[in-house]
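Here is the structure we will look at.
Per-chain numbering from 1; labels A, B, C and D assigned in written order.
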C-alpha cells in the first residue's frame, strides 16, 4: 500500500519532469527551417535528458520491485532523488540554450551526479529498511556500475572547462551503460520467481 | 505489477502531453473577438492533436490489454513511443502559429509518422515478449490499418510543400480511420473472454 | 481494469488542468501590494474555476462508481468531456485578465456549458453500455439538476453582454448547486451496499 | 476504492505542484555564472517549498492510512487543502524573485498557514467520518505539533515586516519539526498491525 503510493507518486513526478522538458522547445514564430535549426541544440539536449530520466524511471522501477518494506527514511530518500531529477529540465535547457558551452555542460554533469548520489542513498535506505539479506542487497553486490558512473560524471564536469565535447561523449557513454536495465537485479528476481 | 506501472506511467505522460498542448493557446490581453479569432488556427491545431493523442491513449490501452509479459525491450519501446508523442505539442503549436503553412504542416506529418513507427515497434516488442501465438499476434494479423496510415503520413508530408490543405485533409482522414477502437483486438479479446 | 485505467487517466488530466490554471497567476516582478492587487481578478477567476473542475472530478468519481462496463463509446465520451474541461484554464485566464468583461464572461459560460453537455453525453454512453436497468439509470431519473444547469449557463452567456456581473452570480450559484455531491447517486449506491 | 482514487488524485496534484515550481527557475540566456547566481534566491525558495510540499505529501500519506471511510465532506476538505497548496508555487516564486523581501515573505507565511489550517480541517472531516474512536482520533490526541506550527506561521507573518530573515528562520524551523513523519500516527498504526 505505502509502496504502491510511493511508486505512483514517483511515476507522477518523473512523468511530469520528462514532459515539461519539452516546454524548453519554444515554438518559433517564423515558419522557415532556420528557425527550427536554431532549436537543434535544445532538441539534442532534450533527447539526452529524456533518455536519462527514462533510465531513472526504469531503474527506479526495478529497484522498487526488490523493496518490501517502506519507512520514513525511504520516503525521504526517494523525495531527495526526485528533487535532483526535477532540476534536470533546467540544466538541460541551459545547456541547449547555450549550445553545449563549458559552464552549462559542467552544471549538467553536476545535475546528473546529484541524482546518481541520491539513487545510491535510496538504495542504502531500502537495504536498511529491508535487511542486508534482502533481494536488493544481494542483487547490487559491489555496485560497480553505480560507482563507475559517479567517477565518470566527476571526470565530465572537470573536463567540461577544457573540452565540453569530451564531457558530452561521457554523458552519452554513461547513458549507454545504463540503457540496459540492471541484469543483476533481473537475475536475482528471476531466480526467486522462476516462473514469473 | 510491472505492466500496471508501465500503464500508469504511460497514462501520466500522455495525460500531461494532452494537457500542456492547451498552453499553446496563450491568453490574449485584449477582450475583443478579433484577439480570440487570431487563435483559431492554434485552436484547430489543438483539436486535431488532442484527437491524435487520444487515439494513441485509446489504442495503447487496447494494446496493453493483450500484453501479459513485459521485459526491458517493451519498457524502452514504450518510452520511445512516448518520446515521439511528447513532440506533438511542439509541432502542433508550430503548425497553428503559422496558419498551416507548408513547412510546419510537413513537420507535423513527420511528428505523426514517428510515433506511428514507434507504435509498430512496440507491438513487435510485445509480440517478441509474449510469443507469436499470443493474443496480440493473432489480433493484428497483417495490420493493414497501421501500414496504410504510415503510407498516408508519408504522402501528406510530401504533398505539404505543394498543397498543405491536402495534407490537412489526410491528417483528418487518418484520425477518422483510427477513431474507432481496433475491432480486431476487441474481437479476439471478446472471443477469449466471451462474458467479459 | 479498463475502468480503472479510464479513471486514472481522467484523474491525471483533471489534476493537471486544475494545477496549470495556477500558472495564469504570473509572479509579479515588483514586491508591492499593488502588484499583487492587480492579480486579484485572475485569482478570483482561478478560485471559481478550481471549484468547477473540483466539482467535475467529484461527480466523475461518483459517476464511474455506478459504471460496470466500459466500451469504446464511453472512452471517447470521456475524452470529449476532458477536451472541454481542458479549455477552462484558457477561458478562466481570459476572463480574469480582462476583469470579468462582457465577452470573456460570455466565453467562460460557453466553456462551462460544453463540459456540461459532454457530461450528459457521457452519462448516456454509460447507460447505453450498462443497460437502462443499471444503477446510474435509476440514480439519475429525470436529471433535473443537469438540465437546470444547462439552462442557467445559456442564460448567463446571453446576459453577459448586458450585465456581466449577473452572469458571475449565476456561475457562483450553479457551482453552489453542484458543490454538494449527487445525493441521488449516493442514495442508490447506499441502498445497494447498505453496509459500505 | 473511493479512498484509492482520492489518494491517486491528491498524489497527482501534489506531484504537479512540486514539479511546476521548478518552472520558476527560468533558463538564463547567458552562459556565465553570474546569470546563474542571480537565480540563487529563486532556487533557495524552491528548495524550501519542495521540502514543505514533500512534508504535506508525506503526512497526507500517513493521514490517509488511518482513514477507512471517505464521504463528501472529506473529498471537499481534501480539495480545499489542495487549493491552498496549489498557491505555494506562486508565493514561493514571488518570494524568490524579490530576494526574500518583507511583503513576499509575509505572503509566503500566509500560503503556509492556509494549508496548515486546511490540513486540520481535513483531519476533523476524517474523524467525523470515521468516528472519535478511530485510529486517527487516538493518534492525534491534542495535536501539539499542528497547533504550534499555526502559531509559528502567524508569528513569522507578523515578524516579516520588521525582520524578514527571522521569518525565514521560522519557516526552516517548522519544516524541520515536520520533516520527521508523524511518530504518533506511526506508533498507533504499529500497535494495531504489529507485524506490518
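To be clear about the criterion, contacts are C-beta pairs under 8 Å (C-beta built on N, C-alpha and C of every residue); 3 or more make two chains touch, one makes a residue touch a chain.
Since the model is a prediction, treat every value here as computed from it, not as a measurement.
Student: Under the over-half criterion for shared residue numbers, do copies chain A and chain D use the same patch or different patches to meet?
Tutor: Here the answer is different, because the shared fraction of interface numbers falls below one half.
Student: Can you tell me which chain lies farthest from chain C, using the average of the Cα atoms as each chain's centre?
Tutor: A
Student: What whole-number Å value describes the gap between the mean CA coordinates of chain B and chain D?
Tutor: 37
Student: Provide the C-alpha centroid distance between chain C and chain D, rounded to the nearest whole angstrom.
Tutor: Those two chain centres are 26 Å apart.
Student: By the touch rule stated above, which residues of chain D touch at least two different other chains?
Tutor: Touching at least two other chains: 8, 12, 16, 20, 23.
Student: Give the list of chain B residues in touch with chain A in this complex.
Tutor: The touching residues are 1-2, 5, 8-9, 12-13, 16-17, 20, 23-24, 72, 75-76, 79, 82-83, 86-87, 89-90, 93-94, 97-98, 101-104, 107.
Student: Write out the stretch or stretches of chain D touching chain A in their complex.
Tutor: Contact set of chain D toward chain A: 7-8, 11-12, 14-16, 18-20, 22-23, 25, 27-33, 36, 47, 50, 54, 57-58, 61, 65, 179-181, 186.
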